[in-house]
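Mind looking over this structure? Questions follow.
Chain IDs A, B, C, D and E follow the sequence of writing; residue 1 opens each chain.
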Amino acid sequence: MDFVTTLVSSAYQFGDAFAFLVLSACGLAVIFGMMGVINLAHGEFIMCGAYMTVFAVNWGLPLPLAIIVGSLFAGLVGMVIERLVVRRLYSRPLDSILATWGVSLIASQGTLILFGPTMRGVGTPLGSFMVGSLSFSYYRLVLMATAIAVLLLLYLVFNKTRFGVLARATIQAPHMASALGVDTNRIYTLTFGIGAALAGLTGGIYAPTMTMIPTMGTTFIMEAFVTVVVGGADVFIGTAPAAVLLAVVKASLTSWQGQLAGQIGLLLAVIITIRLLPKGVTGFILKGRV
Amino acid sequence: MTLSRIFKRLEGPQTMGKGPLFWTAFAVVLAIALAYPLFADGYDVGNNIYFLNWTFMALGLSIIWGYGGSLSFGQTAFFGVAGYSYGILTINFGTAYGLGVVAVLMAIAIAALFAAILGYFLFFGRISGIFLGIVTLSVTLALERFMAQTAGPQWTVGSARLNGFNGMSGMPPLTLPWFGGDIVLYPDIGLYYLVLGLLVIIYLGLRILVNSKFGNVLVAVRENPERAEMLGYDIRKYQLGGFVIGAALAGLSGALYTSWGQYITPSSMGITSAALPIIWVAVGGRSDITATLIGTLIVLSGFQALTIYGSQYALVVMGLLLVCTVLLAPKGLVANAGILLGSLFNRKNGSA
Amino acid sequence: MTETMLDIKGLRAGYGGKPVLQGVDLTVSRGEIVAVIGRNGVGKSTLMKTLIGLVESMAGTITFGSTELTGLTSFRRARLGIGYVPQGRDVFPRMSVKENLQVGESMRERVSPDVYERIYELFPILRERAGQQAGTMSGGQQQQLAIGRVLVGSPQLLLLDEPSEGIQPSIVQDIGRIIRKLNQDSGMTIMFVEQNLDMIRALAQRCYVMDKGRIVAHVTPHELDDRDTIRKYLAV
Amino acid sequence: MAMLETHNLNKHFGGLHVTADVSFTLEAGKIHCLIGPNGAGKSTFFRLLLGEHQPSSGKIMFDGVDITRLKPFQRINQGMSVKFQVPGIFSALSVRQNLEIALQRRLEGAELDAEVERLLDFLQLKDVASQLAGNLSHGLKQWLEIGMAISLKPKLLLLDEPTAGMSPEETHMTGEIVKQLNAEGMTVLAVEHDMAFVRQVAHRVSVLHFGRIFAEGTFAEIVADERVAAIYLGQSHD
Amino acid sequence: MTSRWLQAGTLACAFAVSGAAFAADPIKIGVLEDQSGDFAAATIGKVHAIELAAEEINEAGGIAGRPIELVVYDTQSDNNRYQEFMRRVLQRDKVDVVFAGFSSASREAYRPIVNQFDGLAFYNNQYEGGVCDANMIVTGAVPEQQFSTLIPWMMEKYGNKVYTIAADYNFGQISAEWVRNIVKENGGEMVGEEFIPLGVSQFSQTIQNIQNAKPAFVVTLLVGAAQASYYEQAASANLGLPMASSVNVGQGYEHKRFTPPSLGDMYVTTNYIEEVDTPASKAFLEKFHAKYPNEPYVNQEAANSYIAMNLYKQMVERANSTKRDDLRKVIAEGDVCFDGPSGNVCLDPKSQHMSHTIYLAHVNKDHSIDFPKVWDNIKPYWLGDEGCDLTQSDPDAQYTPSNPPTKQ
């Protein structure tokens, strides 16, 4: 293999791992970082987005539009669940783990009952390109671009929009925000909705590359948790660097020693992180700050 | 007088139920449990051993989570570690001459050691609250994934093959050394009495533990870690202690389970398995071992019945039950019922 | 000038079932500047928090204009036109000064664009530091930000909880001057909790004296020139 | 002899300097009160002493030992004890158990039982001994916490606003308890702003203002100091 | 449908059809299959096939005049449930025989319990082979049947450089071992071998490794829904290599679930799929669809389960007993055969495994299927050759090529 091919191939593998980590984790990270809730139904929101995307394609929508529909639908479901369940548990974060686990059981088995054990997927669009002797999928590039776009979009939403300002204010001092006229409940609902919609987006965008089954979300779960653990509470200064770090670990170990090494590398990263940086990358970056 | 002193140590504000009424009920339940094999068929006895096996893990979770305030999502990791340890030991050395009992004890010790190492990182790294839950879950999933790939022939310990996802089997059942030959404990009456005996001992032992100085501090750490620290307690050590005890109990469940079914797999540590103990304990009532014990047995038999009669709706009903419990009975169904019962009883007494 | 803006009757409130306020009665008219004074721990801050809705009241009524406030969540009260500047400022530490100010917009449906100009005129430091993280500013700057933030929502009634706390005297005087100006220029009604005599004398038209969760006296600032009165109602 | 000394203790959060160069000496056997207006840095100073905050710079000596880098529980085991402003008790445990948890640090068996009874008597908590601590009235919670703090038989007792939320009678009673403990040999440092209490107990008073020790002396000296009155009431001192 | 309804329905049918003739005690058959959870897609059809066979047999007068009563439990793809319910059917329901299990893990979970109670279980799944246990009868195809046919054929057609990607667990490891050995025996070369942890769904690196190794074809031994994502990803990266498999299509009907052409040019050896174009197969499919019109696909496991029911009927009728030892005496005669949807099959007395007609299914670009080759009567020879002889001794063990029985 010539140098260019090696370079392109390494970058492609890194980007692929990065995209998967970011997209797996971002919904979970928003909900955990902004609200302190561990959403164990995260995988089911991913599945929900994927299923909705496939339905939308089957109704004749073009794929990009279908993915958006899937994402919005997951976000909507998220908001409903926040209203019905999660809202009552903000003072009891451990119980919210249980409740969201319950939701996840209902969702995955409910999907099985309603739509059967499997569903025909949609094909992966866009074809492939060659570099040297290797061929690559264009769609994987779309995934990478989406991961970066999601981070960028999140940054813009939480830093440049009115909603973002209010959301951050609510997270930092909920009582004060409320005393300044912020409807904090609405902020919580919307934030949870955004987290769920991001999970739905992940599901929708990976739907063409995966098998559609009710438990499909679980393949994202480990990566999502690992990224959030390593990243800590903040999406921007935590999740994104953690995903870079883990993508390097995963991609290099995978290409060197195979998939298992990549997986084990991720877990070692977690163990090392909790010892060295108990609050994740976020804690490290915020150290010494207010 | 000595009897009353024993009872005094068994009772305290950390456990629901006290006084003659409670202990009479306890004795009645115990008597029924002891007589049970006389009028139940073999299947029910075997099935109940299976249920009782799990209660140790639940009680352990109650100690670390309910009493100590630290949610461990990793109980099944210790369950699995002990199960595999038991398998490896007994496949290599057999269970005759009391080696089976030694294997159980060593399996528990290995699980406890693993918990001690992991717990050291966690508690001395000051990881607490919800983050502790994620980290312990991640470790559990890691262990599951690691064990699932040990299918190859290189993964053997002595003559025991770890056997990957398919799980390890072929370990002999537990035997007790006895005069005139070992007693082989298949899942029938013998094992039933052994497990029941262990449960009674551990239940009473935990009652003493949680009402002891150690238990007091454990609850103190849950209630107000800052105050506990400002009384000079190194709270990390107590959290670690509770974690290790919880892990050892999970280990006992793991070893017994493995000997019961002569089988252990990585999926015993998967995310579903990892969540189950939390559900049992939460539904029953986590901060009381009696509530945990009753709750665990109710949930286990309830879920099994649901699976038998509810077919595919079982999982949906389980999910609903969980959500409703969390929302409507935050202390747990059994604990809330107990509190209700207690207040009714008190009111009656008061008005009389 | 006798239109009642705030009417509190028999207000009881506290934490965890234990009342700190033991039946507070007090009125504030439109356009007034009223001080609530008293020693530490007599319930002054609790009163302010109960007014904005951060502490739930157990009994009594709070009437704002013609609206009964008890039972409303705090963001609804803020949107009715009550601005609250808490003790200890409570700025959002990991947000910029500008973003802190923007949160105040939630009090209004629509905020006129020149409101920021007005606030920057009152507190030039906020313009200078608009991009700085609020948590890294000094106490006095944070206090100015906290007041500026609530002014974005143009409240009719401004509640200030110990605006002088932990702030250098020169800035205390500045803040006092600005508050008076707000009252004179736009007729903003102001109620504040204070122990700082300079601030009380400079601002207050009337003073309620609080002790043990009740209003125990009603004095004018002039009466506070008297040493014995001070000793009686305030610390030291 | 100095029980507690701080040398140039500094703490800042971001741009906010909470304590600045606090050098402070507490003589053994005294009751020393620390006063100052809200926001003067009293509670931060207190947390620095306890080890809940790490100082940005400076040194803390306790009974001849440098404790600057010790963890909170290690400082307690060196012989200090603390009562917080908001009562730090174990709500789900009985009053008796609260005391037992504290006392089991140094006693056991019959001795422990006897000491529990003595403390319940001393703190007038006998009637509520078996109630859950969370159900006590505010004042009784405060006393219970004082009881837990003194259970350790500390050389130095740190009190953070021990009379917050107490009635004058309760405040007076608390003062008497503190004086009695001092008479038994306990050194006491109290952050307090109830002047009646300070007058009642203090051998010495330090005034903290803008994170610095502004003045120090006997109660009478401090009260007479016009500058102190000025900062307390915010009067410009010209 | 719940298990109770199923039982009731079956019983009702049985009684309606033959009335008084069925005064005899029913023969109880336990059915433990995953009707929910991860494996449900491939196993619901098995339950249906068993119900179909039971209905047919009952209509024709039952087994030796006794009606079949099914006791069905949903094992939820959960090993613990297999343990619970195996105990239940054997101890509580006292069934005569159990048809149980999809994954090898579930089989290993229940096998000790079957041994404990000395029951008899049919495992109707294609698997990694090697179970030598007198309490088990295996009707699924095993590696020697699938690979000794598939690999040489592929090497002849495409070349002798082979790359294997396999699920990183027992099935994958053992199957890969078979592939490796057969490739070597036939003078080929393994240019790569990669094991994928279960649950992994991302294959970019693997696809590149394959491109770098330049094999003639890829042997895909992937298992589970997550790993099935490989085909879509490989197609989208335009890998374009022929694939050989023992597990796909026949079990998970991936060619029906994925968008063409992601499975194009895949070759699978299977003992049955619904496309098999024989009169027996067509008749079976017709009956199946008549009873279950909404069945998405009739896979090899469904056919094997159907065959197993008929084999059991034959054994019981010949032994005139449902006792395990009597049945095994019949098997020992060596002529327990059945002419079913997949052709003629016979039970091998030594291993209690079944011979098969092996069809080479080729998936076209449009995901239609053709059969370039059919091998008749391929025997499950390996266990017997290596020294497993259940007519002589019962080791209750599972062997692998790297861990064979110790020869006497």
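Operating definition for what follows: a residue touches a chain if its C-beta (ideal position, glycine included) is under 8 Å from a C-beta of that chain, and two chains touch if they have at least 3 such contacts.
None of these values were measured; they are calculated from a predicted model.
Asker: Starting from the defined contact criterion, work out which chains touch subunit A and subunit D both, please.
Answerer: Per touch definition, common to subunit A and subunit D: B, C.
Asker: Counting one step for each move to a touching chain, how far apart are subunit C and subunit D?
Answerer: Between subunit C and subunit D, the shortest chain-hopping route counts 1.
Asker: Everything stays put except that subunit E is ignored; which chain groups still touch one another?
Answerer: one piece
Asker: Using the touch rule from the top, work out which pair, A-E or A-C, shares more C-beta pairs.
Answerer: More C-beta contacts join the chains of A-E.
Asker: Where the centre means the average of the CA atoms, what chain is farthest from subunit D?
Answerer: E
Asker: Quick one: point me to the chain whose Cα centre is farthest from that of subunit C.
Answerer: Relative to subunit C, the chain whose C-alpha centre sits farthest away is E.
Asker: Per the centroid of Cα atoms for each chain, what is the distance between subunit B and subunit E, given in Å?
Answerer: 37
Asker: Indicate the whole-number Å distance between the mean C-alpha point of subunit B and the mean C-alpha point of subunit D.
Answerer: Chain centroid spacing, subunit B to subunit D, equals 43 Å.
Asker: Provide the C-alpha centroid distance between subunit C and subunit E, rounded to the nearest whole angstrom.
Answerer: Chain centres of subunit C and subunit E, defined by C-alpha means, are spaced 77 Å apart.
Asker: What positions in subunit C touch 2 or more of the other chains?
Answerer: Residues 93, 133, 135-136 of subunit C touch two or more partner chains.
Asker: Would you pick out the residues of subunit E that each touch at least 2 other chains?
Answerer: Residue numbers touching two or more other chains: 36, 168, 195, 197, 199.
Asker: What are the residue numbers in subunit D that touch two or more other chains?
Answerer: Residue numbers touching two or more other chains: 13-14.
Asker: Going by the contact rule at the top, pick out the subunit A residues touching subunit B in the complex.
Answerer: 36, 38, 40, 85, 88-89, 92-95, 97-99, 101-110, 112-113, 218, 221-222, 225-226, 228-229, 260, 263-264, 267, 270-271, 274-275, 278-279
Asker: For the complex, which residues does subunit D have touching subunit B?
Answerer: Result: residues 50, 52, 71-73, 76-77, 81-82, 84, 88-94, 97, 100-102, 104-105, 132, 145, 148, 151-152 of subunit D touch subunit B.
Asker: Would you mind writing out the residues of subunit D in touch with subunit C in their complex?
Answerer: Counting only subunit D, the residues touching subunit C are 13-16, 37-40, 137-138, 161, 164-165, 167, 193-195, 210, 223, 228-229, 232-236.
Asker: Spell out the part of subunit C that touches subunit A in their complex, as residue ranges.
Answerer: So the residues of subunit C touching subunit A come out as 52-54, 73-75, 78-79, 84, 86, 90, 92-95, 99-100, 102-108, 133, 135-136, 149-150, 153.
Asker: Which stretch or stretches of subunit A touch subunit C in the complex?
Answerer: Spelled out, the residues of subunit A in touch with subunit C are 162, 165-166, 168-169, 172-173, 175-184, 289-290.
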